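Consider the two complexes below, in which subunit A is the common component and subunit B and subunit C are the respective partners.
Let's turn to the complex of A and B:
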């Protein structure tokens, strides 16, 4: 017997998510954004600008609380968001889902978001309610140096906060590893539907890299 | 892993000063350490958060 330890989950297929029951026919989840090789134009961004060149969205050198995102074209109660990142000299990099459509200015209010950073030595998951940020999970034992030679990481954020489900999960994929769950929040129903998703970064030449995928139901 | 209810601390004015559990205010007294990981398990009120946390 030949054993391929990473064959099922190593790359960018859906097998891992289906094995967890987060994707698949029974979930009702369907692709919304399928950026396999080219990142679509943003519907809005704020802070340090990102420029898209085919498979990469690269921030300029300025360091500021920043976001860039897309409207989903409908309202969804469940989402799975996946993006790949390379931090360069930046600190926080993350992904989030917003209750309303993308605004012109600040990403606040009303969103769930997950991030990781080395500058503060943590990964976290939390929510904006109004302009107030509440942390819902914190993990200090998994982080990535913000360095120009850091490997590309995968970030994934699963949101199903509807009453009865009430779950938010953060996953990472470090370098060539398989996906793994890093944080799980249960029982938070502050926001129960979403109309846009966004990339949360601090600029500083960071890169978001395809595939960037969003499934929803 | 333990589950406990703690008072909230932090202003929430920025993501570097989040509203989060104050592990010095647990029902059994201060933990005496900051857990390396914690996750909300619901039951949030205006002043408290219930979280699952990793014991030291």
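Let's turn to the complex of A and C:
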């Protein structure tokens, strides 16, 4: 497993995830996407276009249901995804993992997803089964504002829905404190393996900012 | 004295507090919550619920504290914690003269974000009555669910009658915002997190050093 220099582990949360047993040698989790300073080209996207400039992937001004994502190159049963987000005036920004490879068109069939959604007054965690959305958890006591002057927050999604583990967790990072768990779902096994991950947004000049990391096993 | 790895200093401010002379040789780490908050020794009103790196209050509005007893009486203490206010009126940290009390605080210093009053304050309890010893309304943490997490630090030196409050907003350095020279309390046996619920979260790093 490759580690970032110590100075960066506080932002990626590597040491924190290891302390929780979500990363580390015993977990088998290895880095799949490592956007430490530059975001790699997307394998596909849909909706409002997102353009990468080094450490930033910025949406254009349109306002449409959108995603941009990467294929993982293999099938994984356990993933940890982190990204930093600045919504500008977007309604929501999230991250997700999809059962199949990156599609042409809608991301919806068969995925787990978590997001900040200030326009709806919550952050949430849920799933697409087919194209139908089911919310599995929501958080209304803390969430990132949808505003041009909102500070950048971190968002992390841990997925281990394999029978016997059956856990999904969302973590927030809002400033220079540690990452902290905001939502947990146990017992959902609708999807048990993943071939792609994606950034979920609705345009409106929102930005995803490094570090963006994906670990998997 | 033990120091955490360098990756952690950005959050704890160890480097800053050492350079500024507030964290000195002889001050030992007493509470070290890097990734997981240790169980509280006691609480008043409503306890915080710990989930690894966060301790979250309930949805009520009761004046509450959760805290830890120190291993002995200390005259010089530095503590830090990070706070996500949600809609709480106020939240902060403090040192109590005795071990954690039965019921309300009665002899203590505390540093508080008063989001509902648009200010930050240091205050003291003497005989169960609270009095501000310094306050500022030129910078404060807002009390809304979208407020970013801020750090708050309290330094007390009973030998020199000195109290200081520092804050950390974003990735800037810790900044001193309040200072006083009160002499009512000179030694302390416990450290507490103080709030009035409303889903406030205390988040690691939470640290306390003392001698």
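The definition used in the following text is that the second predicted complex is superposed on the first by the 206 of 217 C-alpha atoms of A that agree within 3 Å, B and C clash if a C-alpha of one lies under 4 Å from a C-alpha of the other, contacts with A are read in each partner's own complex, and residues count from 1 in each chain.
Just so it is clear, contacts are C-beta pairs under 8 Å (C-beta built on N, C-alpha and C of every residue); 3 or more make two chains touch, one makes a residue touch a chain.
These numbers were taken from a predicted model, which means no experiment stands behind them.
Trainee: Sticking to the clash and touch definitions up top, decide whether subunit B and subunit C on subunit A clash or fit.
Mentor: Once both complexes are aligned on subunit A, subunit B and subunit C fit side by side.
Trainee: Output check: A:188 vs subunit B and subunit C. Expected answer is one of first, second, both, neither. What do you get?
Mentor: After superposition on chain A, A:188 lies in contact with subunit B alone.
Trainee: For A:166, using the defined touch cut-off, is the partner it touches subunit B, subunit C, both, or neither? Pick first, second, both or neither.
Mentor: The first partner, subunit B, only.
Trainee: Quick check for you: in the superposed arrangement, does A:92 touch first (subunit B), second (subunit C), both or neither?
Mentor: Only subunit B is touched by A:92; subunit C is not.
Trainee: Is A:43 in contact with subunit B, with subunit C, with both, or with neither (first, second, both, neither)?
Mentor: Neither: A:43 stays clear of subunit B and subunit C.
Trainee: Anyone got the angle at subunit A's C-alpha centre between subunit B and subunit C, nearest 10 degrees?
Mentor: 80
Trainee: Report for A:180: first if it touches subunit B alone, second if subunit C alone, otherwise both or neither.
Mentor: second
Trainee: Which partner chains sit in contact with A:133 here, subunit B, subunit C, both or neither? Use first/second/both/neither.
Mentor: First partner only, subunit B.
Trainee: Once the structures are superposed on A, label A:141 by its partner contacts, choosing first (subunit B), second (subunit C), both or neither.
Mentor: The answer is both, since A:141 touches subunit B and subunit C.
Trainee: Considering the aligned complexes, could you tell me the closest Cα pair distance between subunit B and subunit C in angstrom?
Mentor: In the combined three-chain model, subunit B comes within 7 Å of subunit C at the C-alpha level.
Trainee: State which residues of subunit A lie in both footprints, the one left by subunit B and the one left by subunit C.
Mentor: 140-141
Trainee: Please give the residue numbers of subunit C that touch subunit A in the complex, ascending.
Mentor: Per the stated touch rule, the residues are 5-8, 10-11, 34-36, 51-54, 56, 59, 82, 84, 86-87, 145-146, 148-151, 168-171, 199, 201, 203-205.
Trainee: List the residues on subunit A that touch subunit C in their complex, please.
Mentor: Going by the criterion above, the answer is residues 6-7, 9-10, 15-16, 19-20, 118, 140-145, 150-151, 153, 174-181.
Trainee: Using the touch rule from the top, collect the residues of subunit A that touch subunit B in their complex.
Mentor: The contact residues of subunit A facing subunit B are 65, 92, 115, 120, 124-126, 131-141, 166, 183-188.
Trainee: Which of the residues in subunit B come into contact with subunit A in the complex?
Mentor: Residue positions touching the partner: 10, 12-16, 18-20, 36-44.
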